[in-house]
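After this come two complexes, each holding chain A, first together with chain B and then together with chain C.
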Partner chain A sequence: MSELTRRLVLLGPGLAWFALFLVAPCAIVFVYSFLERGTYGGIDRVFTLENYTRAADPLYLGIFISSARIAAMTTLAALLFGYPAAYGIAAAPKRWQVPLLILVMLPFWSNYLIRTYAWIVLLNREGLINHGLEVLGLADEPLPLLYNDFAIVVGLVYGYLPFMVLALYSSIARLNPETLEASADLGASGLRTFLRVTLPLTVPGIAAGCVFVFVLSIGNFITPDLLGGGRTLMVGNLIFNQFLSARDWPFGSGLAFLLIALMMLLLLVQAVVARRAGGAGLHA
Partner chain B sequence: MTAVVAVDAIAKRFGAVAAVDEVTLGVAEGEFFALLGPSGCGKTTLLRLIAGFERPDTGRVLLDGRDITAIPPNRRPVNMMFQSYALFPHMSVSGNVSYGLEMEGMKGPERSRRVAEALDLVRLGDLAKRRPDQLSGGQRQRVALARALIKRPRALLLDEPLAALDKKLRGEMQVELKRLQHETGIAFLVVTHDQEEALAMADRIALMQDGRVAQMDSPRALYERPANRFVAGFIGLMNFFEGRAAAGGVEVEGLGLLKAEGGQSGEAATLAVRPERLRVHLAPISSESANTLAGTVVDISYLGQDQLVRVRVAGQSTPVMARVASATDVAARVTLGRKVWCEWPPEDGRVLLT
Partner chain C sequence: MNKYLSGLAAAVAVALLASPAPAAEKIVISQWDQYWPADLLANFTKETGIEAEWSVQIDNEDMMGKVTASGGKGYDVVFASGPFVEALAKLGLIAELDHGKLPNLANLYAQARNLPFDPGNKYSVPYTWGTTGLCYRSDLVQPDPTSWDDLLKPADALKGKITMLSTDRWLMAAGAKSLGYSVNTVDPAELAAIKELLIAAKKNILAYDDTTFYSKLVSGEASLVHAWDGWCNFGVAENPAIKFVIPKEGSDLFVDAMVVTAASEHKDAAHAFLNYVLKPDVHASIMAFSLYKVPNEKALAVLDQTLLTTYPTLAISSEVLFQQEQLRDLGDGQKEFTRVVTEILAAQ
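Moving on, here comes the complex of A and B:
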């Protein structure tokens, strides 16, 4: 077997899967987004740009912006919680690192929907947190923890923190420990070593983690629905509604395609950042 | 005289292993000092204890007589050159070199002047704007040196500084390191597993074994007057004859009395003789004063200037090694399987008590 056929045989099944179930649906969405809505749902094969001009309407633009805001808050929170955790794992003795990483991924072993429901139990007015605060005498009346943006961010951070931790860990673990020691040796305090050496050298991991979390958060529709109580509409919910309630497939497709384009752009930015850093910083 | 850096009965264990076991030594002002030993002997741990990256279990680290054991590495006036060089890959050459001064808060023209000075010292002036990944191994090593020297430390610690270079460059850098040490007057403490490197560069060597100092001496003394069997075997090539000390030498089974100086009657002893001290003869010789051994040539290794001739001697499990200069009649005529006679004067052997 030649090298080429060998590669085709190995890559074939995976590529076919992606082509059939990812590329093809995306292409369909792309095409639908330029068509008109049928009278009883479905599509009419008439070319139009109206779906895109309609997306620029302040109503929908606002949803994009508030989605981006929630995704950005989620990303920031995940970075702040994730960096110390990833650093801690990378600094742990070698034999502990794999068990700790498995712990990070453990939540994936149960269903996302169930885990999101669990947050309702924790956050609601009579939930564990409010009840606990009351017992401790720290709050006179229940705090509004559920059915708001705070709850959405909590849920999204919880759901996507593992991606952040894994991306950061892979970057931090590749640091040459002698580089950090060299910084201390030259007179830098722990904080200055972190700001001048550790942080710049882990920018690729930060970029990867942030893009993962942002992209996953902005498209999520389950968490805003369940934890946001449907009060905050995110792009995911809007698309969901266009397809399943409003039965406006072309407009849903247009919104979906805009979201896809935004994600692709962010992934491109991340790829550029990673290439710029270009494995710099790592073991010589 | 107070040592610039010293360790006093310092010890460090990693689990059950005593990496450094009660070591006491000091490096003098302007001295080039080498810690030599096989891997795992504790020499790098000792260096890291002095730099402050490891805390000793017991003992003290002293700088100009002052106890600095509790001071963190960023406040110790010693600098280290790492084995991996550990350059900051996201900074230019001059960024790397100026880092230590920036941490001191030095600014502006004074800093630029010092950076330029340090780069000139290691002859890298024209590469200031490059990034580490655009440099060769030898250039990276010079950057690491400039970066460690720029703060004018009391002592420079070098962890296997030449290990990553090829053999020819290594030779050049040995001379370069000596020049730098001489020009700056800073005490150098270098860790190496390469005995030739240590012998060529250092004023004094501490040869370490299992976390302890086996012998601390000048290179010449270490080579010519090894204190024990380990030192004799580690540095250079050595012939060993096991036996018992007797009046006037060492009594070796099957060979009789091999004449040498020193040793107490009856003790187990080893006679050690360097291969270059043996003279090889192609015809029988008899000498009243010298030791002679007859044997058969089993191997000849051509080393350029010399040939190392291995001679099987009855009763000895390892062949006796003799170094023969290539430009001699004997070297030209010695062949495998030939019978030869080796001879050395008693004062060239050294009696080691085991």
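Moving on, here comes the complex of A and C:
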């Protein structure tokens, strides 16, 4: 068997799966995005660019921007919580690293929806946190923790933090300890070593983690609905509503494609950042 | 011959003997969760010999997605609200009903035989009907609310303790009725006025909630919620201080109905199911379970009458119900309508 056929045989099932269940549906969505909604919600086979010109409306642009804002806050918070955690795991004794990584992934063992409902129990006005604050005498009035953007960000950070930690861990664990020793030998303080050596060398992990969290957050529609109380409309909700309530599949398809394009652009940026920062100071 | 083989031979013989009779028919029904008693399908099979499989639908929108994507194939009976019945009929996805196979249609109220979205039950048989209004804790809200304005322009004490339905038609209906418009309006000036009212109302609500509003009332997180009459009863069941009122400006009349898909290969069996539901005792058991009213006069006669006092919404007469306005499909007006809904939901 030649090298090429062996590769094809090994890649075949995976490629076929992606072609059938990812590429083909995306192609259908792409075609729909150039068609018109029928009067009763079907699809009229008439070519139009209207779905894309409609998306440029300030209303929809505003929804894209506010979604990006929420996704950016989520990403920043996940980075701030995730970096120390990933650093801690990478610095832990070898035999502890795998159990710790399993703990990071443990939440995935239960359903996302159930975990989101758990936050409602914690955050609501009669919930555990407000009740605890009241008992401790720290708050006279229940704090508005639920049904706002704060709750959305909390829910998203909780949901996607493991992706950030895993991406950072893989980058930090590959750091060559000799570079850190060299920095210390040359008289740099711990902080200076971190800022000048560790941080620049883990940029690929930061970029990968940030893109994961941002992309997953901006398309989420369950969390804004449940924890945001439906008061903030994110682009995921907008697309969901076009397909379902409005039965406007063509416009929903157009919006979905714009989101896909934005995500691809981000992945491209991440690849460029990773390539530039990659190489030096890492184990081969 | 070993006993397994002899058993197999006997089974083959039985199958051969039985083959002239038609194989047990099986229909697939798309229906909401928690909307019929758990034993309904088993009882239907016991009585008719027809097997029935239940495919759960989340909401009308989910059902439309499933049915339009497959052209109705794979489903025999589908449950849908009035405007969606209209759209399904216009899309040619549902079959005209054969009234000869539905003798129990005679059990329905006269009004239910002639609903504007489907005059003469050409395509659909009504399953439940009801209205939306205000569901509230009478121990926390004084005086009793009477108007949509109690929801949309709340007293200070109620600010932040209100939820509204976010499903587009009902969200907009609250604003439309408060301003004296039709629930089916797509007039741009009227839509703009509704938008302004609902965006102003948004800052006083705790959340938009279509599914757990009654538990928010029970827990005290909310005091006044925009609700379907039947679901308000889930709150009443846990706290009798919870009451329901139809606002004085009027509301909508919604009808959830059963249809047979045009693609069904078991239309007789599907009709048999529709006819089975319309039996007075069956329809009454659906009312007792779902706590939604059923449009079946004979079923009300056999219903456990104590339910009418425990759940006052079940006692709302069909005359009062028919003073409310029926929801219709919006056709080409849907695009502008959805844009306004999006503006409201996106407003900060």
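We take it that the second predicted complex is superposed on the first by the 283 of 284 C-alpha atoms of A that agree within 3 Å, B and C clash if a C-alpha of one lies under 4 Å from a C-alpha of the other, contacts with A are read in each partner's own complex, and residues count from 1 in each chain.
Here is the rule we go by: contacts are C-beta pairs under 8 Å (C-beta built on N, C-alpha and C of every residue); 3 or more make two chains touch, one makes a residue touch a chain.
Please read these numbers as outputs of a predicted model, since none were measured by experiment.
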Room on chain A for both chain B and chain C (clash or fit): fit
Chain B versus chain C as contact partner of A:Thr179, first or second or both or neither: first
Contact breadth on chain A, by residue count: chain C or chain B: C
Contacts of A:Arg192 with chain B and chain C, given as first, second, both or neither: first
Contacts of A:Ala246 with chain B and chain C, given as first, second, both or neither: second
Distance of closest approach, chain C and chain B, by C-alpha atoms in Å: 45
Parts of chain A lying in touch with chain C, wherever the complex brings them together: 37-42, 59-60, 62-63, 66, 124-126, 144, 146-147, 229-233, 237-238, 241-248
Interface residues, chain C side, partner chain A - complex: 59, 61-62, 64-65, 68, 86-87, 90-91, 160, 163, 166-168, 202, 205-209, 219-221, 329, 331-332, 334-335, 338-339, 341-343, 345-346, 348
List of chain A residues in touch with chain B within their complex: 176, 178-179, 181-189, 192, 196-197, 200-201, 277, 280-284
Residues of chain B defined as touching chain A within the complex: 51, 53, 72-75, 79-80, 82-90, 99-100, 103-104, 131-133, 140, 147-148, 151
